[in-house]
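These are the structures in question, set out in turn.
Two complexes, one shared chain (chain A), two partners (chain B, chain C).
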Partner chain A sequence: MKENKSRKKLAAGLIIVIIAVGTAAVKIGAFLPTIGDADTPANSYVANYYITNAVKETHSYNIVTAVLADYRGFDTLFETCVLFLSALVTMMVLFGKEKVPKMPVKNLAEDKYSAAFGGDIMDASFRIVVPIILIYGIYVLFHGEISLGGGFQAGALIACAYLLDRIIPSIRMGRGKIKEETALIIASMGAFFYVITGILPMFNGGNFLEFAKLPFGSSLAAESIVKLHTAGILMIEVGVTVCVMGVIIAILEVVLERTDFDE
Partner chain B sequence: MPILLLEGLLLIAMIAIAAAIILGKKLLAATVIYCGFSLIAMLLYTVVGAADVAFTEAVIGTISTVYFIIAIKSIKGKRADDERK
Partner chain C sequence: MSELIEKLEFFLADRGIYMLTLILFAVAVYGMIACGNYMKKLMCMNMMQVSIIFFFLTFGQKNGGTLPVAIDEVLSAEAYINPLPHALMLTAIVVSLGTTGVGLALLMRIKDIYGTIEEDRITGDGGKKQ
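After this line comes the complex of A and B, so read on.
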């Protein structure tokens, strides 16, 4: 009885909050400009420059990628570092806890129904889904300049494929798993590759992350500078992909190794 | 500010899903409903025109759901489900 009463109270409070916030949002929303309006401050200064010049300067038809990886490359570097830090802190917090030993099972068929996640349908369908996800991840990485996506999404997709493989069949079999320390090292290598991409132009007399001075092309023609921009964006995307993949795998492994699924 | 009908419907669905997450009795069910919340957010981003953000939301929604399920499994020993009832 008591639980029901508290739940009703919670529901009543929720309705009041929803109505209050909704009314306020509608009232305030009347003053806000329309999304995508040309006269708004967000669209009238720097956005115009991006729209007119991004394709010309970087050959990246997805302007979002051009802004993230080229014009705002320094921001993206520290976003990548924040991601890496999150994995590092998760490991620092959980590393002292004892691992739960998992009995390795030789034959999955014997043990299928006692596994934590799984069963016949999951086991059959993940085999079809995982290769497609992997190929799509690579596609998203290399087509980030032309179509949707970029480094972050590609890394998350590849990690998603690993995650499916890890939790559906092999949580008991213990095969094909990456150690958490290894995953963290992979993530750090991704961030390191990003920084190296930034430092390379400095040997050639440029600034940090100035892709026009990357030491790959010799001629100073405008076309080759555009190509260097494209190469720089691709290198950064690879770094971000590796970092995101490593971070997601590291956090997953850290938690998974210390979770008891057998109760 | 004129709101499209579709946007309005999606926003109402979002509110309903959020209320369902708070009022639900089981943690696992709340997690799966949260995946639906992520789906609605993705549709909303697509309607607004931010396709890149929608893509990110779709991928991260899936991964965060798996994380939540593992977290629920790992705190089961502390009777999180019982406390919630």
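After this line comes the complex of A and C, so read on.
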């Protein structure tokens, strides 16, 4: 108990130091730039290059997607790998723990009107919400290049629809779920698809992830290059989406299968 | 009263948002040190990540800039906000999800071995080994 108190004192002291340093930085020192200033170092060098040349060079109207999928393609590739590894580690840590046995599914006719989580209203409304979330996820995936959206968000949305479907209704208990191993395999397929997209241009004499050399079109006309860039970015987005979806479902399943809610 | 609100608005628009993210950061640090429950520590770590993400996003802001989705006629750098912090933080958010998953898995193993996730019961002799 005594130890706890001294720890709280230490923490409070640390907070005061942080606040004091921050106040000094904001009020006195000018090394933090003013918000909204266009001439700050963060807004000056490479960001301006991205904005002015993204449409010309990558043919992607959403500049964030252009940066993510084209200019920094390697970065996103290894980011996807990090995600996959985190799901793998979660599964490895918890693999030896035995699963909590599920309650046996009762007679469906009896069980129809008792929802396990959230009651009848949740049970009825999620049937309307889930298809809309799925449609929106697919829309965000395919429009990530020309409007707001992208692979990460689409994957999170689709996994969110699965999550709602998994935890809300009661009569689905033990049915219609993806196994954790399957989810991990799906995630690995996503990361693999990304790598394949990177390797494909190398058969056509290009570099790794050079979309203009994808071996789909034959001519080197400008129109064809636009199409190839679009195809390459879309393939990467699909890979990222599948990977993020698989990772979220895998983590959810691994943790949910081994959690005893009655405890 | 309206003067005070004006002053507050000016402060926030100038450098005040740094203060707000800093307060969030400080609350999270306090929670990570002072809480005895490992689950609460994990939640505070997530809060810290959120504050860092906010801090980075403020750098991308530009007066008079619109969303970084290019319009055909406009190609000047002043017309759009900075897309780089957004692209970086997008990946950071997703990675924070992965770290949360690993943290939860470790917590469940700790719960298995010690029977509790309260720190003073694990470090003291209160935890019962199985």
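Worth pointing out:
We take it that the second predicted complex is superposed on the first by the 215 of 263 C-alpha atoms of A that agree within 3 Å, B and C clash if a C-alpha of one lies under 4 Å from a C-alpha of the other, contacts with A are read in each partner's own complex, and residues count from 1 in each chain.
Just so it is clear, a contact is a pair of C-beta atoms (placed from the backbone, for glycine too) under 8 Å apart; a residue touches a chain by one contact, two chains touch by 3 or more.
Just so it is clear, the structure is predicted and the values come from calculations on it, not from any experiment.
Look at A:Asn62: by the touch rule set out above, it reaches both chain B and chain C. By the document's definition of touching, of the two partners only chain C reaches A:Val82; chain B does not.
After overlaying the two complexes on the shared chain, residue contacts for A:Leu157 are found with chain B alone; chain C is out of touch. In the superposition on chain A, A:Asp260 makes contact with chain B only, while chain C stays out of contact range. After superposition on the shared chain, chain A has more residues touched by C, the comparison being chain B against chain C. Once the two complexes are laid over each other on the shared chain, residue contacts for A:Ile135 go to neither chain B nor chain C. Once the two complexes are overlaid on the shared chain, A:Ile167 sits against chain B while remaining clear of chain C.
In the superposition on chain A, A:Ala24 makes contact with neither chain B nor chain C. Within chain A, the residues touched by chain B in the first complex and by chain C in the second are 3, 7, 10-11, 14, 18, 22, 32-36, 62, 64, 148, 150, 152, 156, 248, 251, 255, 258-259. Within the complex formed with chain C, the residues of chain A that make contact are 1, 3-4, 7-8, 10-12, 14-15, 18-19, 22-23, 25-26, 32-38, 40, 42-43, 46-48, 50-52, 54-55, 61-64, 66-68, 72, 75-76, 79, 82-83, 85-87, 89-90, 93-94, 97, 146-148, 150, 152, 156, 244, 247-248, 251, 254-255, 258-259.
Interface residues of chain B facing chain A in the complex, by the touch rule stated above, are 1-3, 15, 19, 22-23, 48-49, 51-52, 55-56, 59-60, 62-63, 66-67, 70-71, 73-74, 76-77, 85. The residues of chain A lying in touch with chain B in their complex are 3, 7, 10-11, 14, 18, 22, 29-30, 32-36, 62, 64-65, 116, 148-150, 152-153, 156-157, 159-160, 163, 167, 248, 251-252, 255-256, 258-261, 263.
Considering their complex, residues 13-19, 22-23, 25-26, 29-30, 33-34, 36, 58-63, 65, 67-70, 75-78, 80, 82-87, 90-91, 93-95, 97-99, 101-102, 104-106, 108-109, 112, 120 of chain C touch chain A.
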